[in-house]
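Structures are listed in the sections that come next.
Look at the two complexes coming up: subunit A is in both, with subunit B in one and subunit C in the other.
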Partner chain A sequence: MRVRVALFVLAVAAVAAFPLGAGPYPVKLLQEILIFGIFALSLDLLMGYAGMVSFGHSAFFGIGAYTAALTLVKWPGLTTALLVPAAAAAVGALVIGFFSIRVSGVYFIMLTLAFSQMFHAVAFQNSFLGAEDGLVGVPRPDVLGLSIGTLGRFHAYLLVIVGLLALFVWRVTRSPFGHVLRGIHENEARMQAVGYPVGRYKLAAFVLAGTVAGVAGALYTQFQGSVSPDAFLWTTSGQALLMVIIGGTGTLGGAFLGAAAFILLQSLVSSYTERWMLILGLTFVLLVLFAPGGIVGTLRGRVGLRA
Partner chain B sequence: MTPPPLLALERLTRTFGALNAVNGVSLSVPARERRVIIGPNGAGKTTLFNLITGHLAPSAGRIVLEGAPVTGLPPHAIARRGLSRSFQRNSLFPRLPVLENLRLAAAADGVGSWRLLGRVERLAAPLARARETAEAVGLAERLDVLAGALSYGEQRQLEVGLALATRPRLLLLDEPTAGMSPEETARMTRMLEGLPRDITLLIIEHDMDVVASLADQVTVLHYGEVLTEGSFAHVKADPRVYEVYLGSA
Partner chain C sequence: MPADLFAQVLNGLAYGFLLFLLSVGLTLIFGMLDVVNLAHGSYYMLGAYAGLTVIAVAGNFWLALLVAPLAVAVVGAAVERSCLRPLYRRGPLDQVLLTFGLIYVFEDLVKGIWGGRIRSIPTPDLFASSVNLWGAVIPSYRLFVIAFGLAMAVALWLLIERTRLGAIIRAGVFDAEMSAGMGINVSRVFTLVFAFGAGLAGLSGVIAGPIQSAYPPMGASILIPALIVVVVGGLGSLKGSLAGSLVIGQAETFGKVWLPGASMVIIYVVMALILLFRPQGLFGRALK
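Moving on to the complex of A and B:
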């Protein structure tokens, strides 16, 4: 417990201080890691705690990203930057979850994938959403009367939002609700037999994870100043899935480490060779074969750090 | 007027294709009774339990709990009406400690389980009930052990504990002593005998010593139908029972 708090404080301090000693490109990479880290974290809540492996998490990332783009253009502010996208993603997750939680395992994976691809098709074809070009020229909101246009200020804004969200999800996993999710993961049938309306808990977990993913998408729009239909694409879901697995499923902190490993590797390898996907793929195969617990799982084994 | 029985089954039937697994079973269990169901393998005992707890839908017939029909309700809804069960094969939370296993069951009434930010340790009532239950099933010394790391006999005790921790009024136990050594069986029997009388028991059991010491009433099931019922002495004296069940053992 104390180790975790110390690690969290240390990580926040390191991220906060990073722009002081690094150039704009590394800072941007770190910002991307933060955004995808919180996105992967929301998927880990679903996968690692509730035991629901979704391959359609991009749906909520995309809903958040597009909602932020559409509303920020007209009314730039914190509400449109965070709350409205979160609400839109929550509604989307409620609808998709309502149908998807009726099945489990591979069927759940397929259904969530199909839903997210439907969103991609709509975004790709709808001219109101900018079709294949997406929406560009999205302004960043003012925060407390200050513009967050600069790299440093946006960094601070991002750190606060991502930090608060990570704390929130961490508390949820420790809460009575979080324990129910773990029970469902362990033995869904028994949870039902002792009296838990399992479906309602799973839907709540799905909506919660979708909402956080929506905020991640909204942050990504603000980071880039634009959004493209790729936000909805299955590869976005796949990336989050890989980040969670690389970092260590059910560890929360692993989501950020996984995002860091993925994004750093991607930027590093792609600067040397066109065939970066091949190298990336090989690396993941080796990682999964030799470190099945992910980065956090392996570290725990080494240091003897317990859950 | 006498109060309605705690559990009443009315011509309950379940078919699997051409097989009548449970065929027109009517059964009435008054509150505070300890009823044991016996019958040879394939008599439909576990199917009957699955029907009562909502795990299977009946093909025909009704299930009435305290005068209110519960036929067709999902398992969690039936459990919340005060009916709880243990399984023939252990169904635990293997990677969670014993205390957390029991706490989850004790918290199943939903109070507090929707809290997103509270701490589990602060919800005192389920935790206290979990400890009580651990005491009752003889696992008070094993609270921090993962359920998956318990011995088979202890897992069996926890299996009954999970059903007990929900504070049921009607407790269904599907072969609680299955696979246990004679000593473990004796301990389990003593534990069940020591349960408060306001928990009505419906038990599937094969061990005749256990039946003899627990049963107020015995119902004999054969090919999905009630062959006879009555006290253990009465049932034991029935030549048909001897033929289909005791004789084959």
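Moving on to the complex of A and C:
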């Protein structure tokens, strides 16, 4: 426990101090890692704890991203930057979840995937949403009367939001609710028999994860100043899944490690060779084959750190 | 029936049979191996590019239609043996992720070997013209695709329902563990089914070449309609794959004509409607 708190504080301090000693490009990479880390974290809550593997998590990332883009242009502020996108993603997750949780396993994977693609199709063809090009020129909100247009201030803003969200999700997994989710993961039939309304718990987990993913999407819009239909694309969901797996499923912290590994690998390999997709793909194939526990799982095995 | 409506129905049929050739492998692989093969679109892409090469070398479309699927089947068998085999004992997630990684690998390999630009497989001379059917002008190649797809559907049905190998495959789809217990070499059948499915995907890639042209992300973009076909038809069902293909083929074609602004959404709406009333798909086994 103490080790965990120390690690968390250390990580936050390192991330906070990073812009002091690094150029703008590494800082931007780190910001991207934070955003995709929290996105992967929300997926880890769903698959690592509730045992629901969704291949459509990009739906909520996209809903959050587009809602932020649409509302920030008209009313820039923290409400439109965070709360409205979160609420929109929650509603989206409630609807998709209502249909999807009736099935499980591979059917759940396919159904969530298809739903997210439906959103992609809408965003891709709807001129109100900017069609193929998406929405550009999205302003960042002012926070406490301060502009967060500069790299350093945006970094601080991002760190606070992502840190709070991570703590929140961590708290949820340690709550009675989180324990019920783990119980469902372990043995759904038994939880049902004991009297838990399993369906309602699963839906709640789905909505919670979707909401956090929505905030991640909203942050991404503010990071980029724009949003494109790619946010909804099923490969975005696939990347989040890879991040969770690389980091280690059901570890929360692994989500950030996985996001870091993915984004750094992508930027590193692509700066050396045009064939970066090949190397990235091969890396994932090898990781799935030989390191099923992910980074955290492998480390635990080596160092003997307990879960 | 008005002529252009008739032409659209035929277009939808051609697209539907294309989807059928693709989704049949997907559904059999799922039914038998319990693997959602996200890289299935990659075999479609590999088929198209292998076909391009055969045509460039030998100058014969029909030879490409024979050789390219065989080459893709060999690739499929290699992938099953080397990558998927170690994962059968783990959950479905690892296989999904592995095949997701393979999409990147194959797409980049194709870019490296054949380049990234859009290329088209020339229509074979025999079907280069158009025919006039009841006032509608139809490219004769579309008619060939329909006839070929229909013939393949019948052949597949005979293979699966009327041969010993088909009985083994059906048994494996129903309960792989039990078939192994009955003395069937399930692992060899797994490789065979995977290679066969990959080969069919390659075949549909060659067939699609003259209609849709070849470009590296083609595999990732055809995968979603194919998955929808499988979900709509019912996982693991041959009949379902045929019915689903034809429904989705018509839905997408008519969506493009009647609702050009929302054509991409149509197939999802159709899927959602079907799943609302039949969660297991049109011909799927009832869910537990």
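Everything below uses one rule, namely that the second predicted complex is superposed on the first by the 307 of 307 C-alpha atoms of A that agree within 3 Å, B and C clash if a C-alpha of one lies under 4 Å from a C-alpha of the other, contacts with A are read in each partner's own complex, and residues count from 1 in each chain.
As a convention for this text, a residue touches a chain if its C-beta (ideal position, glycine included) is under 8 Å from a C-beta of that chain, and two chains touch if they have at least 3 such contacts.
The structure displayed is predicted, hence computed values, not measured ones.
When the two structures are aligned on the shared chain, A:A14 is found in touch with neither subunit B nor subunit C. Residue contacts after overlaying the shared chain place A:T235 against subunit C, while subunit B stays out of touching range. Contacts of A:V285 after superposition: subunit C is touched, whereas subunit B is not reached. With both structures placed on the common chain, the touch criterion links A:R275 to subunit C but leaves subunit B unconnected. In the superposed pair of complexes, A:L151 makes contact with neither subunit B nor subunit C. In the superposed three-chain model, the partner touching more residues of subunit A is C, compared with the other of subunit B and subunit C. By the touch criterion defined above, A:R102 reaches subunit C but does not reach subunit B. No residue of subunit A touches both subunit B in one complex and subunit C in the other. Partner subunit B is touched in their complex by these residues of subunit A: 171-172, 174-180, 182-183, 186-187, 189-198, 204, 208. Chain contact summary for the complex, subunit B toward subunit A: residues 53, 55, 74-77, 79-80, 84-85, 87, 91-96, 100, 103-105, 107-110, 112-120, 123, 162-163, 165-166. Subunit C makes touch with subunit A in their complex at residues 30, 34, 36, 38, 83, 86-87, 90, 92-94, 96-98, 100-109, 111-112, 220, 224, 227-228, 230-231, 235, 261-265, 268-269, 271-272, 275-276, 279, 287.
The part of subunit A that touches subunit C in the complex is made up of residues 47, 53, 55, 99, 102-103, 105-107, 109-111, 113-115, 117-118, 120-122, 124-126, 234-235, 238, 241-242, 245, 275-278, 280-285, 288-289, 292.
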